[in-house]
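One chain, subunit A, appears in both complexes that follow, with subunit B as partner in the first and subunit C in the second.
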Partner chain A sequence: MTTRREPGNSLDQDRAATPAPVIEAKGLKKHFPVDTGVIAALVRRGPPRTVKAIDGVDVSVSSRSIFGLVGESGCGKSTLGMTLVRLYEPTAGRIFLSGEEVTHIHGDGLQQFRRRAQIIFQDPYGSLNPRLTVGEAVEEPLKIHGIGDRAERAVRVVESLERVNLQPRHFLHRYPHELSGGQRQRAVIARTLVLKPDFVVADEPISMLDVSIRAGILDLLEMLSKDLGLGVLYVSHDISTVRYVCDRVAIMYLGVFVEHGETDEVIDYPAHPYTQALMAAVPIADPTATRRRVELPGEVPTPIDIPSGCRFRTRCPCVMDICSRVAPPWQEVNPGHHVVCHLYQSSVTPTRLAKEAR
Partner chain B sequence: MTLLKKSKIRRASAVYSEDRAVAFDPSRVQEAMAIWAAGRSRSVFAPLIETFGLLVKDRMAVVGMAVIATLAVVGILGPLIVPLHPFQALRAPDGTMLRLAEPSAAHPFGTDYFAHSVLSQFILGIRIAFLVGLSAAIAVGLISTVLGLVSGYFGGYLDDAIMRLVDIALSIPTLPFAIVMVAVLGPSLTNVLFVIILLYWRNGARIVRSAVLTQKQRPFIAAARALGASHWRIMTYHILPNVLPVAFLWMTMSIAFAVLTEASLSFIGLGDPNMASWGQMLNLAFQTASIRSAWWWVLPPSLGLILLISSIYFIGRAFEEKTNPRLRKRAA
Partner chain C sequence: MTEQTAGSTTRTSRLSEQLRQQTRPVELTVDHLRVYYATRSGYVRAVDDVSFEVRPGAYLGIVGESGCGKTTLVKGIFRLLPEDAFVDGDVRLDGRNVLAMKSNELRQARWTRMSLITQSAMNSLDPVYRVGDQIVEAIRAHWDVSYDDAWQRAAEMFDLVGLAPDRLRNYPHQFSGGMRQRAIIALALVLQPGLIIADEPTTALDVITQDQILARIRRIHEAASASMILVTHDISVIAETCNDTAVMYAGKIVEYGPTIGVLQEPCHPYTMGLKNAFPNIKGGIDKLIAIPGSPPSLIDPPQGCLFAERCPFASDRCRDLKPSLRHVGTDHSAACHYTDQVASLRERAKKKSTWDEVAVRIGLA
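On to the complex of A and B.
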């Protein structure tokens, strides 16, 4: 997939509009206890250990926009998505939906929240109950939330299916096993949309689909975001697809953001050494192009024992003395383009420039 | 927009339309309802018919179903067709008791030591076997499905509590427990049933729980939660239909276990003395030392048990093949 976006096309317009964030998280943390249970508690010495899947993330997604979230497997990007729609209870931090705090709402408040914040999972084969027809599956959210009578629900389901380009006449009565992967993912999106949510997490929605139909689903997501004013958090490890649909992007490493900004800016001028390594791994569709390879040694450290100072220092090609002692603060390298790295602090002599990797 | 307070939730529909720019279009009701109505109408019996369709493809299951159907018909008609009361003492033309008479035209299955008709006892024994098997299976299926569903779905302390209870129940040796319980409670059909249910819910609960645990991990459960579905809805609407085949398989097996246990208890003399069950017949044959000589007394209940139990297993095996695709040999 190549970029479709003309350089600099949307940046200024988006900033001019600056819609209020539909979902916003501040200092969000999600830690999972590692050894639970009575025996583990008796045997263990010291405080209980936890997996720090998300360890202090600030994120805000505007309506009518798609926010990309990129990172390796296990960096916490799916956990972040699931925490934002309250499928996980956040350990610390606050979540706001349209300015309203939803961090710990429960009961009826949570029910209302569920109507407005939705999630699309990676696996379209497992996301649909095999015993429900497409129509029944799409109707279910309406029934859960007690919306409309039989006639109104029938219309809404039909409209929702039309919106995702599934002919209601052909698909309403089909079972999931009669559909292709792309059709299933469309059905899942229709089920999500029938509630008219404000915010949707798309957790790698196309990674299990054939390459030939990925663009169709991405176009659909983008169209829906613009038409319905949805804020979308698009979680992916595939940078090319992120560039294809996302307005803004954040790079995640070991439970935190290391860099975020406008998509084109971050992808064309990656600042953080980790982002640079990610970008260097993306194939370029040009046989004559030469590129510099950045290889990251080792594996992602376990999120139980996070390295001191900068989390990336154990694998960073430009690691310095300061990195193990001081956690780097956020720096603005370009307007709207932020990064956490000591390389960009004026007091530190940079060993390599940001644009060099490209 | 602010999040709605409880009092406003009932008006969700109205709020929904006000809030969202895209309200629903009433002019399309007819068209949409037509599309909905155009679907294949699926009766509630569809899964049953489907299952039956799969079972008739299995030759052994067909044999099993035929045997069970025959026994069921004979059992249901039992009181109408039995030639004689099972406990009526028969006399020979010379006035003596017709003890241990060999099969003859008048008494096709012969008579037992007490001059009772073996055929009448055998036919009425079918009723008892079915009564015990079916009621035990229904009770066991109900208890183990509910406990397994709750335990597997909620997990945590509730799961621990139920499963430790199952562990304790599983550590009870089957037959000694049944013997002691019936001896204490007194030999009656209800007590025998009670003991059987007490013994066989345990395995079922664990089997259903394991099925629930795998279903719970499927993404559509998380999707349902994200859509706001209640625990009740997820359990009954999304998980239960997918674990029912497993529960049903265990119920089938319970029929066999229950019939066998009742027969065993009756054989060792703990059956209901007022009922002519198959186990009871074998017990009397054994006690009167006729088990080697009066083959016409011993064979009918023995063959009845073997036929019934193996038929149930044939059906259970075919059903297991249907629910477990890995065992399915031929393509559907």
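On to the complex of A and C.
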């Protein structure tokens, strides 16, 4: 177990074992200014305050893999997804797509980038133009990017719809209001696929869908990564679905990652007290199972005033003196399993500690 | 000063004593309840012939997907439906038919005998009044107590749901989502009703907050021994909290029984499918299996079993003849023609190929 100063180093080690990252971010930050009005500027003392939605994140997603991003609402997971596909301009840090820097590209470069990096949103009802048929909606990105002539585009639209199990002869000419929620989300995925992107952010793609059809959409995400070789960032508040699709997972709290590693490893041996609390709070769909609950005091602090030292210390059941003074460095608790927590700097065997804490 | 404190303590204890006496679990019987909405294209059969019983002190879970009629059922019990809804059947609260109550009697029954914890706490609180005043208003609408006594009572309730009593002076926008939901729970409990219905009480909340709220509701259920109904789409919440479970599909109860029985040994193919589709954090790495297709239109529902189209085991009999709820064990019933072959169906339902055949049959694959 080695101590690392820079969060960035923790990911370097994994790189040898996994294929080249399709998207990679280093020291990524996205801050939003608050009280920007004229009056606020006049009465304000000191520098303008900012919401630190992402506050120094290193992430890398390989092709042919699904990377899970889990956290509570307001932790910055959606902002991270949107910044990675450059819907937001990062405040600091760098983003690379297949090794090429895309942090501040604009104009034609940005349009080219958009073809290769796509996003699927939570709400399939709001993501489709109600006046376009499914066929038109799926064709639209091709037109925008000037890809192919009419016949070629038609072929690609049909291919794309077949990929997502929407039979073109039934769905090509239907409008969104004629589709069920699951079918709409499939149409959205088809529209994403038609550009043949390298990287897709799926931001809570199933949380608005009914339980009985969610599995179908998760299967599609798996198809995107395994069959088409895309890198997928799967953003979710629901850690229990992550296990079924994600190869790796990161847990986010208040704008930063607190733990990341192989999905099974993180779920079976959660190391960070926050991850442990998160896992302990998930109800189990088995009436005979018993669960040890962890009560977390208080609420998530505001991302405007982030606590000093460890960000989780205000709610942490294992808080120590050092936590308010020093921000914990990344530690490797098991091969490929990293955590930011002072608990793991002592000689305690982390795996055992994690097991006991559950 | 001392005298004042003593006086207020006496008042508080008198109030509490009065409340304790008024609390008794309520028995709810829903008998052949139908709720239809009139639309231009015909009647939507949102709740169609639903019967169940909540014994005093019981904790019933109602699980189903969106549009299956869960919320309409709750509104039907509370008589909160729009005027033009067609309602038929009986809802009896300790033998009194709620649907036949005069408005005065209904107003007395609501909140003191049965109360509702709604899904969107944001919309349940008035943004321009202090939270405390809203609770006080509810108390004084039913009981002849002073403002101070009612405020004191509200403070006790805040304590019970884990909110600091001084937050009573806040407005709803000063609360987080979890705190608002707690305030709604305090409001629902404040008159110590014998029946509490919680309609998706934690759906909009994060998992940690959800866990805290559910634990809180569970503790309150145990302490007050009120009867509870929890309505949700989340099987795992039901599995952890409810003694009995009703599974709803397309406006009907398709399976009903003790939670352990329903979830461990489901007897309706829909329940079996729902179990396959639901992620389990402690489960193995088996894949989740979706139920192909979507629920039928409630305007022109099929003649036979409503699940037949998506059911891997459906036969012509299912398509022609509507199955009724029949006993499959002690207190356990299911609405399926093939409950006699349930063991083999259960085995087949665990395989993905079984459900893939349905997708092929209805032309989705």
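We adopt the following convention: the second predicted complex is superposed on the first by the 331 of 358 C-alpha atoms of A that agree within 3 Å, B and C clash if a C-alpha of one lies under 4 Å from a C-alpha of the other, contacts with A are read in each partner's own complex, and residues count from 1 in each chain.
Heads up, the rule we're going with is that contacts are C-beta pairs under 8 Å (C-beta built on N, C-alpha and C of every residue); 3 or more make two chains touch, one makes a residue touch a chain.
Here the structure is a predicted model, which is why all the values come from computation and not from measurement.
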item	value
Which of subunit B and subunit C A:His237 touches, first, second, both or neither	second
Partner chain(s) touched by A:Val249 [first = subunit B, second = subunit C, both, neither]	neither
Of subunit B and subunit C, the chain that contacts the larger number of subunit A residues	B
Partner chain(s) touched by A:Ala271 [first = subunit B, second = subunit C, both, neither]	neither
Touching partner for A:Val22 - first (subunit B), second (subunit C), both, neither	neither
Partner chain(s) touched by A:Ala190 [first = subunit B, second = subunit C, both, neither]	neither
Touching partner for A:Val134 - first (subunit B), second (subunit C), both, neither	neither
Footprint overlap on subunit A, where subunit B in one structure and subunit C in the other make contact	none
In the complex with subunit B, residue positions of subunit A that touch it	82, 85, 87, 97-98, 100, 102, 105, 107-115, 118-119, 121-123, 126-131, 133, 135, 140-141, 144-148, 150-152, 154-159, 168-169, 172-173, 188, 191, 195-196, 228-229
Of all residues in subunit A, those that touch subunit C in their complex	72-73, 165, 167, 170, 180, 182, 210-216, 218-219, 237-241, 243-244, 264, 267, 277-289, 291, 293, 295-296, 299
Touching residues (chain side subunit B, partner subunit A) in the complex	1-6, 9-10, 12-13, 16, 19-22, 24-26, 28-29, 31-33, 35-36, 38-40, 218-220, 222-230, 233, 238, 241-242
Subunit C residues touching subunit A - in the complex, by the definition given at the top	65-66, 176-179, 206-208, 210-212, 214-215, 233-237, 239-240, 259-260, 263-264, 273-282, 285, 287-292, 294, 363-365
